[in-house]
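In the part that follows, the structures are each spelled out as structure tokens.
After this come two complexes, each holding chain A, first together with chain B and then together with chain C.
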Partner chain A sequence: MSLNRIINSKSFDIGKSLLAFNLRYNGKFVPHPPQYRCFRTQARSLAYAKDLFLGQINKAEVFPYPEIGNEELEELNQFVAPVEKFFNENVDSKKIDEDAKIPSETLDGLKELGLFGMQVPEEYGGLGLSNTMYARLGEITALDGSIAVTLAAHQAIGLKGILIAGTDAQKEKYLPKLASGEHVAAFCLTEPGSGSDAASVTTRATLSEDGTHYLLNGSKMWISNGGFADIMTVFAKTEVVDQEGVKKDKMTAFLVERAFGGITSGLAEDKMGIRGSNTCEVVYDNVPVPLENVIGEVGGGFKVAMNILNSGRFSMGSSGAGMMKKLIEMTAEYATTRKQFNKKLSEFGMIQEKFALMATNAFVMESMAYLTAGMMDRPGVPDCSLEAAIVKVFSSEGSWICVSEALQVLGGLGFTKNYAYERYLRDCRILLIFEGTNEILRMYIALTGMQYAGKILTGKINFTTACLSVADHNVFKTPTVLSSSQDSALKLEQNVYLFGSAVESVLYRYGKSIVDEQLVLKRVADVIINLFAMTAVLSRASRSISIGLRNHDHEVLLANTFCAEAFFKNNYMMTQLQKHAPENNDASIKKIAEQILEKRAYVCAHPLDRTF
Partner chain B sequence: MSGRVLVGVKRVIDYAVKIRVKPDHSGVVTEGVKHSMNPFCEIAVEEAVKMKEKKLIKEVVAVSCGPQQVQETIRTALAMGADRGIHVEVSAKEYESLGPLQVSKILAALAKKEEAQLIILGKQAIDGDCNQTGQMTAALLDWPQGTFASEVTLEAGHVKVVREIDGGLETIKINTPAVLTADLRLNTPRYATLPNIMKAKKKKIANVKPADLGVELASKLQVLRVDEPPQREAGVKVESVDDLVGKLKEAGRI
Partner chain C sequence: MKCARCLLRLQGLGSVVPSARTANRYAYLLQSTTAPVLTKPLVAFNSHGEASRHFHGSSAWAKSSPPSSDLKEKEKEIDKSLLSRDELFERVARNAKTKAAFDKAIEAFTKRDRRRRGHVEFIYAALQKMVEFGVERDLAVYNRLLDVFPKEVFVPRNFIQRMFNHYPRQQECAVQLLEQMENHGIMPNVDTKVLLVQIFGEKSHPMRKYQRLMYWFPRFKHVNPFPVPRLLPSDPVDLARLGLTRIANDLDAKVTVYQMPYTDITETGEEITLPHIVGTQSPDQVELLAKHDPSRPVFVEGPFPLWLRNVCVHYYVLRADPLPPGEKVEEPYDPERSLYYPLELSLELERDMGDLGDDFDVEDLDEGPVFAMCMTGQGDQATLNQWISGLQEANAVLGRVPTLFRLDAGPRELQSPAGESHRPHPPPETDPCVPGDEGGAGPARQEVDVTLEEEPQHSRGVKQ
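Right after this comes the complex of A and B.
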């Protein structure tokens, strides 16, 4: 493993010098073989992925794989049956796509089934489902993209604000009708001028003269359910006076009813996919919003928005997996019957590769989604925003690639509207864009982790009684992971360990300006995404073996295959992160982009041009 | 009259699943296969719940015979609107040989014990396709029967049943207590909504053993072998009637 040695030596040099600096500063002599790592004990070590940035695996967080009780599982299976039945019998996805509308009978059926209030507590008329159960039902609703997005826009983000930051009065007033579906909710943050840059919204809420209500003015764009939502969570800038008496503009979250008046919805957008989901502009013209309709604190809207978005993201993993499992069935039916060159398609290597890809991706998506959901369902308030973002990035891109491959298996037939593949592909594309674009999420993943690592690492410089400890190298010494995956577990360990040093060296090299180095951060994010995925599959496979689940050998195969591939990809990316690494093309890439964007066109002379 | 209706529900392999025969030809593969309530039983439950909603009867009791798993099916019936359930415990081994005769003895005993006014069953189960349980139950109880019902009207002391028969539709009037079996067009069963499933958790399912009802489960039938239906062969086109007759004679059909 010469690659690893290079990484080791360079990082260790830097690491050593860092530690040496630390120790000279402290004036104490402590022996420091390269493996020693300094960390501060924290009250809440509930973060799993964050600690990977320090080269540390928090075994207890992710092993064993989260389980739900027998009673809960029975109840869940009971829930799954009627929902599946409904989707099989009453949902005509083709028609929904063609008409760009979900028929009202279908919506009514969904409301009756109780699908509009899945996470609303029972006392307000909802089902009070845990994150795990919500994810499970998400596997079924994902069978129709438009319905999945309509439901998610209503409850995963639309009414979530009330659930997580609302007062009891607000909950009592609004939740019951939202849970039954009598009122539909929408989440209104994005504006024509502020997409990814959410903090730059220009919609304003000014306090009225008599101080009894706010007046809302502005316009929002790309609002799902915007055409008919009765209750909207709207984010607007309000003037707040901070402690020093300085007036500042801060974002506040408001609960706005269409009934307040002054709200107009634009025409529905004509979209590439999820055409049945209503997306439009919403304009607010002096809409009166009572003071008691502020969600959370005045000026605390950004945090509310981020918490809402973070809490719903993980379900994309299970939705993607649900869709992939269906596609695998459909595609396999075709591949095992269609013959060319007197052989069934399923006998050809390149076709088999596609199925392996689909199965592996579905396996990883499932494992990650339920691991994250399980972590989020633990008592206390675990901060799983990082893990949820990882699940979203992996699942959106995984789904897009796998649906494309499934379509490819069917060839020309896959390209026609007679089959569902092209619709699934069109519906999938939005996954990489909404709920935080994958680019933004990669930045979030990398920067959050690095900020955490940086704090800890600078902490060890300032912390006078430096606590040094041996990094727990043989994390998997005790049989957390069973023997058949021992190899993969070692790969994960190696990767994590090297990742820790890579992060340290990158932080040291760039310092605060790391924020601008997107290509570096992209690699960091990609590695951590792979690491979390590897953790999830190993945890799940171990549990399956130890309890003897059906087909656990296949799971081990999937887990090992994924880990092997991810291991090498990670090593390559971490090599690219090295200072002056020849594998790193970033400088050239930036130069190309500069030259093209300067001329706003393709710059080369035509190949047929002459100079004489 | 007690105003109580007994509805029998059976847990069968889901209708959409592709059935496969076990390698030893002793039966079909049931392990890990999706099961759900027999579609005709769903129609039966729906009819009973509709009667209760119209206040024609007071209580709907869902009954199922089998091992532990049939409780799922009873719960689905409770979620559709049944008031309570009865699980007649039959071990997995005995369940393999449980047929219409034994089930009808159990249902007859339960009907007497619960003083039921009506027993509504599905006309047949999609796994056995026996189409016997309803008829046998009525015979054992010496009650009138309204089978293949596509329309049921409950009136004081009797039931008007429109039956689907080969020649068309037949309307009969029978006295209660009676046994009815539901046919496809009787109604469209409702979905067990998730809120109702949660409410159904609080409803009771009583456990009963066949011995408590005085029923012997021994079967006089034994399954010798289960095979898949023969693969459908391609047909042959013939030019004339003589050719057709010739081919039929060749195949030994005439």
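Right after this comes the complex of A and C.
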């Protein structure tokens, strides 16, 4: 290991001199088969975000920005127009929020529009939308948080299990009714004692004596649509005999119909936001589930659950962007009409800053979401779970900040219920929590990348030096990025190069125990999120320029602004990753937390306290 | 007596300017040996005007010289005042030794004589009596005592006085008073300061002492992160509760009273005393115990001493030996555990040597788990058995695990000043005939001997 270190550290110093060397290996490296056992089961040979961990920009994956064909676009617009109209005219978000219920007419309208089966293939009666188109519709459904969550719980996770791992018989039996909205689906994984820890799932499925069905017992918590879902994807422990003949408890996914009997739903939770969506506890008491309703293999529930969760995230970017665009309109209207000191609000610098922030964030979210969706739509079985997680983290946090800023523009008015801002604020808070909290997703993002980089670093030392010094400053010299954003492209390049070496040094410093260094991982994740965001905006802006899209100069402006800002943030975070960096306060942060948590209270004495 | 006085007088006249210090020293000497005569004149000249200050030593002697005719009378009077220093307190203490009585004594002293003759002796006497009267932790009383000093008399007026130790006896007395406050952990307040300034001036020794106190006391006030309450609960159950929560520094730990102390007389007239049993166990400990291999015994060990201020209580622990290194089973990594991110990376890289942390190299000694602790009024096996059966409610595994009692006779040399009541069990040798206990205690002790033999002695030292 120490030998590796020496070789590697040397390779940084002489990075440039290795250029020719790199080029030689570059070609070799690309088809390099990932012989590691990746966290996701199916891995695609090429992935963009993962390669960033090696300091490599896998240009082919992200340039040019993915497009959809003219026909598809037309088709999409046909869907979009009526949905937009419906949301503008028939959805009363305020009432939904107040009543904590989506009226049945609204739900019927959504069903008629086919929104309950957006990604169900057409042969089963769904719309059969691609990921890109799904993302586009997500922009509109996001205008009402409750509806968006109800729909997402139904199709992004609820029925995804059937789509991903269901048998043809299961698809035939369930999908048509689910696609039409006659049946609503739910995803039941979380339990009172089990959030992300699959080992503590206590719901059990035991094979009946005659071996014809399973009996399901247990309870699930915080189930979206749990109050009225007819079909549920339920995860339960079953006893499985492994190859060595040892009995083990493993998770299995089941398709459970409410009609099987024995299912009771608790009272709907009274939530802070997305109040119209139904969330409740579901209790299973000896629910008979026929054998054919097992999704995937018996004992293979873990993979099913992970695949569903990983695939459901990417659309949050477009949802956030949709919401932001609407908010910008609403807020700009106010800012340009309200006057103070004979000046419009919009003339104040600090207000302007907020709009710039909102626009940049919306732009980045949008770019990332459609880039990821486009990558996912490519033929093959793309593994974009890392990108999807990045999109989720960035867009949830971006939305939260932007909604808050929009509310701030209105001042006190934004705080009242007369305006929608407070509702948006409440609704969008959940984005940071569900589908894997952002903290957990950061761990996922960082660790998945680290695993990939670590494998290559330890396995192929020669390749390592090659790909780490990939600062072959030629990546963007080709006309992929046009001159107006050349600067930003250089910034990205520089960041990626540094990031590669930062990851390497972190890996050599912590090795396996990196898993426990959450603060380090957080920074790694934040940098990679920024890097992916920079890539997305650059790619999008380049495309816009080259095909002459409307207002593409504005896009370039946004892209450059974002890249410049992210560049410095990245540099700062990567400095913090260095050993003994004065910017790094981790030790003190940990100490503070430890002392607080030991006492389970704020430990300082009151400033007015005296000792004499 | 007369001769002594003449001598003094001669001396006083002989040296025109004996410093106040020398005079004082003489006075001190004389006072403590034969003649209390001088106290009065001394005090008298102390209240002289400023102008005469410088030479007051001699002038004082000059003044005190003439009276020899009324000497007897005076002696009588002074005798009375001297007597009173100690007796004042004894007199007031006849009724009750309370703060009120103490205050009364001080008041009596201050009222008796406007000049406060013998106040230094009085204050020394008072300081000694404070503990007796239970006012040693009362700041107001200290301030009142300070108030006994005459004001402004001892304040130095010029640089020479300031340079030398002005009225050392008085200053020393005040320092003594402050030191007693310090020893009892009493922080002076502004009143104290004002008094000291009035009595000794800004830069006197007592003032310095005061400043030092005020420097350190506030800094040390919260130096103990685990403070013991000043007043310990008198109820043994409450005391046990306090002790147990103090040892088991886990906010989740639950203290359970398995048995309240109880005394009853049966029909046959026998008196039955049930000792208190108070135990503590945290959820973590319950979990540990549930995982304990039932084929390995658990031990009840004790008593171990725990000092709470001036009280010593004893506790017992339920523990097991650490697993031998070969039998430790580490939970295997389950890749299908975390739904969101890998809990472990499959990497061949270990942590770099330079990043192992700056921790001190401490040899870890595996001590084995402690599952529960208890305190009881009687440390015999029968009582502790009751504790174990109480624990069994929450820890079913205890029913299957062999429980060995390894009880010491108890450290007899640790006598608790607060009385015998806190001692968990009487030392068996001196008190072998507690009726109900013999059956239990006997075998327990036997067991002790047996187990002690098989258990190497050093392990006992480690386990607290």
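Keep this in mind: the second predicted complex is superposed on the first by the 552 of 612 C-alpha atoms of A that agree within 3 Å, B and C clash if a C-alpha of one lies under 4 Å from a C-alpha of the other, contacts with A are read in each partner's own complex, and residues count from 1 in each chain.
Everything below uses one rule, namely that a contact is a pair of C-beta atoms (placed from the backbone, for glycine too) under 8 Å apart; a residue touches a chain by one contact, two chains touch by 3 or more.
Keep in mind it's a predicted model, so treat the numbers as computed, not measured.
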- Message: Touch test for A:Tyr510: chain B only (first), chain C only (second), both, or neither?
- Response: second
- By residue count, is chain A touched more by chain B or by chain C? C
- Which partner does A:Lys85 reach: the first (chain B), the second (chain C), both, or neither? first
- Message: Output check: A:Phe302 vs chain B and chain C. Expected answer is one of first, second, both, neither. What do you get?
- Response: second
- Task: Based on the superposed arrangement, let me know which partner A:Trp222 touches: chain B (first), chain C (second), both, or neither?
- Result: neither
- Message: By the touch definition at the top of the document, which applies to A:Arg550: first (chain B), second (chain C), both, or neither?
- Response: first
- With the two complexes superposed on chain A, say which partner A:Glu74 touches: chain B (first), chain C (second), both, or neither. first
- Item | First (chain B), second (chain C), both or neither touched by A:Leu115 | first
- Message: Per the contact definition in the header, classify A:Tyr370: touching chain B only (first), chain C only (second), both, or neither.
- Response: neither
- The chain A residues in contact with chain C across the complex are 1, 5, 36-37, 39, 189, 196-199, 250-251, 302-303, 305-306, 309, 436, 440-441, 443-444, 447-448, 450-451, 454-455, 457-458, 507-515, 579, 600, 605, 611-612
- Task: Flag every residue of chain B that touches chain A in the complex, lowest number first.
- Result: 16, 32, 36, 72, 75-76, 79, 191-195, 197-198, 201
- Item | chain C - residues contacting chain A, complex | 187, 189, 214, 217-219, 221-222, 251, 334, 336-352, 354-355
- Note on the structure: The residues of chain A that touch chain B in their complex are 74-75, 77-79, 81-83, 85-86, 88, 109, 112-115, 118, 122, 125, 127, 550
